[in-house]
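All remarks here apply to the structure that follows.
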Amino acid sequence: MLFAVTMDVAIPPAMDPGEKATLIDRERSYSRELQASGEWLHIWRRVGRYSNLSIFDVSGNERLHQILWNLPLFPYMTIEITPLATHPSDIRVA
Amino acid sequence: MLFAVTMDVAIPPAMDPGEKATLIDRERSYSRELQASGEWLHIWRRVGRYSNLSIFDVSGNERLHQILWNLPLFPYMTIEITPLATHPSDIRVA
Amino acid sequence: MLFAVTMDVAIPPAMDPGEKATLIDRERSYSRELQASGEWLHIWRRVGRYSNLSIFDVSGNERLHQILWNLPLFPYMTIEITPLATHPSDIRVA
Amino acid sequence: MLFAVTMDVAIPPAMDPGEKATLIDRERSYSRELQASGEWLHIWRRVGRYSNLSIFDVSGNERLHQILWNLPLFPYMTIEITPLATHPSDIRVA
Amino acid sequence: MLFAVTMDVAIPPAMDPGEKATLIDRERSYSRELQASGEWLHIWRRVGRYSNLSIFDVSGNERLHQILWNLPLFPYMTIEITPLATHPSDIRVA
Amino acid sequence: MLFAVTMDVAIPPAMDPGEKATLIDRERSYSRELQASGEWLHIWRRVGRYSNLSIFDVSGNERLHQILWNLPLFPYMTIEITPLATHPSDIRVA
Amino acid sequence: MLFAVTMDVAIPPAMDPGEKATLIDRERSYSRELQASGEWLHIWRRVGRYSNLSIFDVSGNERLHQILWNLPLFPYMTIEITPLATHPSDIRVA
Amino acid sequence: MLFAVTMDVAIPPAMDPGEKATLIDRERSYSRELQASGEWLHIWRRVGRYSNLSIFDVSGNERLHQILWNLPLFPYMTIEITPLATHPSDIRVA
Amino acid sequence: MLFAVTMDVAIPPAMDPGEKATLIDRERSYSRELQASGEWLHIWRRVGRYSNLSIFDVSGNERLHQILWNLPLFPYMTIEITPLATHPSDIRVA
Amino acid sequence: MLFAVTMDVAIPPAMDPGEKATLIDRERSYSRELQASGEWLHIWRRVGRYSNLSIFDVSGNERLHQILWNLPLFPYMTIEITPLATHPSDIRVA
């Protein structure tokens, strides 16, 4: 089941640089594991913003929430979710 | 070069049903040709809305505008565009 | 899988009264069948508005879109969707 | 009398972890007591957000305010309230 | 139980003047009856707008919805509702 | 001359509890004096929010500003003002 | 007593040109009379918009509403009102 | 050339009272000099807000920016600018 | 003096195609004359929208309003204006 | 390929003045180098705001993101991007 998710990141300027670097490393590893397992289908940078647009392919709402809630950067993110369905014009399903 | 594009459709309720059906057919063919040619990478329905989220892979801004401006449903659409770039966490580019 | 859905209805004032009555009857029957089948879990009127707040329990995004897209009043509705998950404070799951 | 209530939580990142854990525990107990007494009818997590959608069944506005004002997390919440009424399509009241 | 209600009116310019006059007369009578019965506590014009701010004192949500839904101008109104409770600084309850 | 005024309060979480209690006491006394003198006609709590809806009956804009500017909680408030006039449906003036 | 008022005008494109010209003439005369009498202190065009910013000096809310409600273009206007008071930096009152 | 300018002020609550008083004094002197020279035509308090509505009569955009950028309170202000032109209904220019 | 101006165009779908073509021709000629004379410095299409971003270099607010008000498509446009000034980082003025 | 970019700057008031001056110097040098190389085509101050409107001429989305992400003031900026294309009325391309 597909969901489009945008994540805007706002790390407090006062955060210790070491702590920040560790956090971003953990975020990267976390994302890559889920990409490797096939649940985090796409991740793109939104140009000019500390933000990404991602596509998730998960078993349902419970799993999507579990993934997002455990993002290392979750406390610093504003997240928006769009449930997706098959489009009748999609050549892969026509 | 990638762009995320949302297209919200609002066809006037008073449109002649035959005209509407023709228009939607033309839109579908137009979309499928661009999917087949590789420029219209993804198209998903946004659940519960007459709207889609699409990903385009085009040569640049001029080509993206040309594609969107010529959509048969363009006069009835509200379109939003997000330029995308490679994300440093993307396992396909790491 | 649960979703909260709000549906705001705006029927054009110029619609023929008979057509309007038929449409509303069809909407009502459609809703009741889905309530009876267990997929449309709750429907509440939002006070002072031609609008409802509903809770759906469906197999996933595809099914939710199919239900909403086929609402007789769909062309006259503005719909917002919130995917829901279990809350850790819920006594029914604790 | 039914009300839909959304509660968005924003705990300051600088809060002491122990204080935060205590606060969340108190919030959980408070919520469960009101669920057990029948006034807090439903609580769902809004996916990807530190937020819930709840349905309250209370004697009126005064009681609803009393419940919300005394939430341990109230100082960190943004709350929106929608008064609900019976929907004419609801099969339980038809 | 008190509610603050704002009603913004937008009558289509094309409405027949006689029909419009009748509608406004019916709205006035309807409002005055509810003021006389004590449920429609206050009605003020919002300066420079075709809009009012009203205070209702009703038995609950169901009754408030019944009153608003049956306003002769309801199809032409945008309504916002704010549930009210006693304020601790109010000298009448202190 | 009547004005509807909403006051949303946001006291910084870091404020000293004693200072906060003093401030709220001063606010309460200030409000009650103006209620007693007849200029602060109504004050209601907006349910679920640290906010009130008030009705003022003052000599004009200058006096209203003087009252609001001197509220002990003014530095922590977001205030919105709606000038009111007699409504033609009001039974007290018809 | 001073008020800043913005008036955005949206005349339906389908209005008969003669009717439109008459309406605009009446609006102009109405405005000029109130300027001559001293109640409509200033009127400026907002650049690039069918809109004005005006300053009124009136006896109070009731009079301001009466003036605005009787504008020939009132049914086609969106109006916003800001009550004004003396500023402590104003050299004319210091 | 005329411009309407609104300035909303938000001084951090933590600012030292002496520093704040000095800043406000400097702002006042600065404003009065420009009023005396004829460039700052009007300044009004917006009722119930730490905000003003001002009218400037300046040689152009460069001069307006120079004036605003050098306001002692500029770092604490949110400013909105509306370019103004002569209105055809203005009796002073008719 | 420079201004950035965005113009969003919304021609009613019901407009006669011949009338629409004439209008767009007139708009084009009008724009080109002002580009040739040096007042309409730049015009760019905003991708995916019936909209442009333009830069004007005019003698002041009065002239800018005169140009925009006389655009053949003005009745179908939503226009936003940003006054511009020299930026201290601009290498052409440093 | 052209992009319009607005950058709103909000430097925390508490930043050390020396650090702030260094940051602004680095921003200026960075901007001037890109102006000299031809990628940063225009930069204008938005009047009355700590903000600029810029036009970039870059090879594509990846390059634009690289430029913006490395702005010394990036952590303190809110950035909006509008992809631009040739306008059919532009006399330079007609």
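By letter and in written order, the chains are A, B, C, D, E, F, G, H, I and J; residue numbering begins at 1 in each of them.
Note that in this section a contact is a pair of C-beta atoms (placed from the backbone, for glycine too) under 8 Å apart; a residue touches a chain by one contact, two chains touch by 3 or more.
Here the structure is a predicted model, which means the values were calculated and not measured.
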| item | value |
| --- | --- |
| Third chains touching both chain E and chain D | C, F |
| Chains touching both chain C and chain F | D, E |
| Distance-maximising chain from chain F - centres being C-alpha averages | B |
| Per Cα centroids, the chain farthest from chain A | G |
| Over-half contact-pair match to D-E, picked out of the listed pairs A-C, G-H or A-D | A-C |
| Chain A and chain I, separation of their C-alpha mean positions in angstrom | 39 |
| Inter-chain centre distance, chain F versus chain G - centres from mean C-alpha coordinates, in Å | 28 |
| Centre distance in Å when chain A and chain B are each reduced to the mean of their C-alpha atoms | 22 |
| Contacts with two or more other chains, residues of chain A listed in rising order | 2, 45, 47-48, 61, 64-65, 81, 83-86 |
| Pairs of chains satisfying the touch condition | A-B, A-C, A-D, A-J, B-C, B-I, B-J, C-D, C-E, D-E, D-F, E-F, E-G, F-G, F-H, G-H, G-I, H-I, H-J, I-J |
| Parts of chain G lying in touch with chain E, wherever the complex brings them together | 5, 12, 61, 64-65, 68-69, 75-76, 79-81 |
| Residues of chain J that touch chain B when the two form their complex | 1-3, 60-62, 64-65, 81, 83-86 |
| Chain I - residues contacting chain B, complex | 13, 45, 47-49 |
| Chain C to chain D touching residues, read off their complex | 2, 4, 27-28, 31-32, 35-36, 43-48, 52-53, 82-91, 94 |
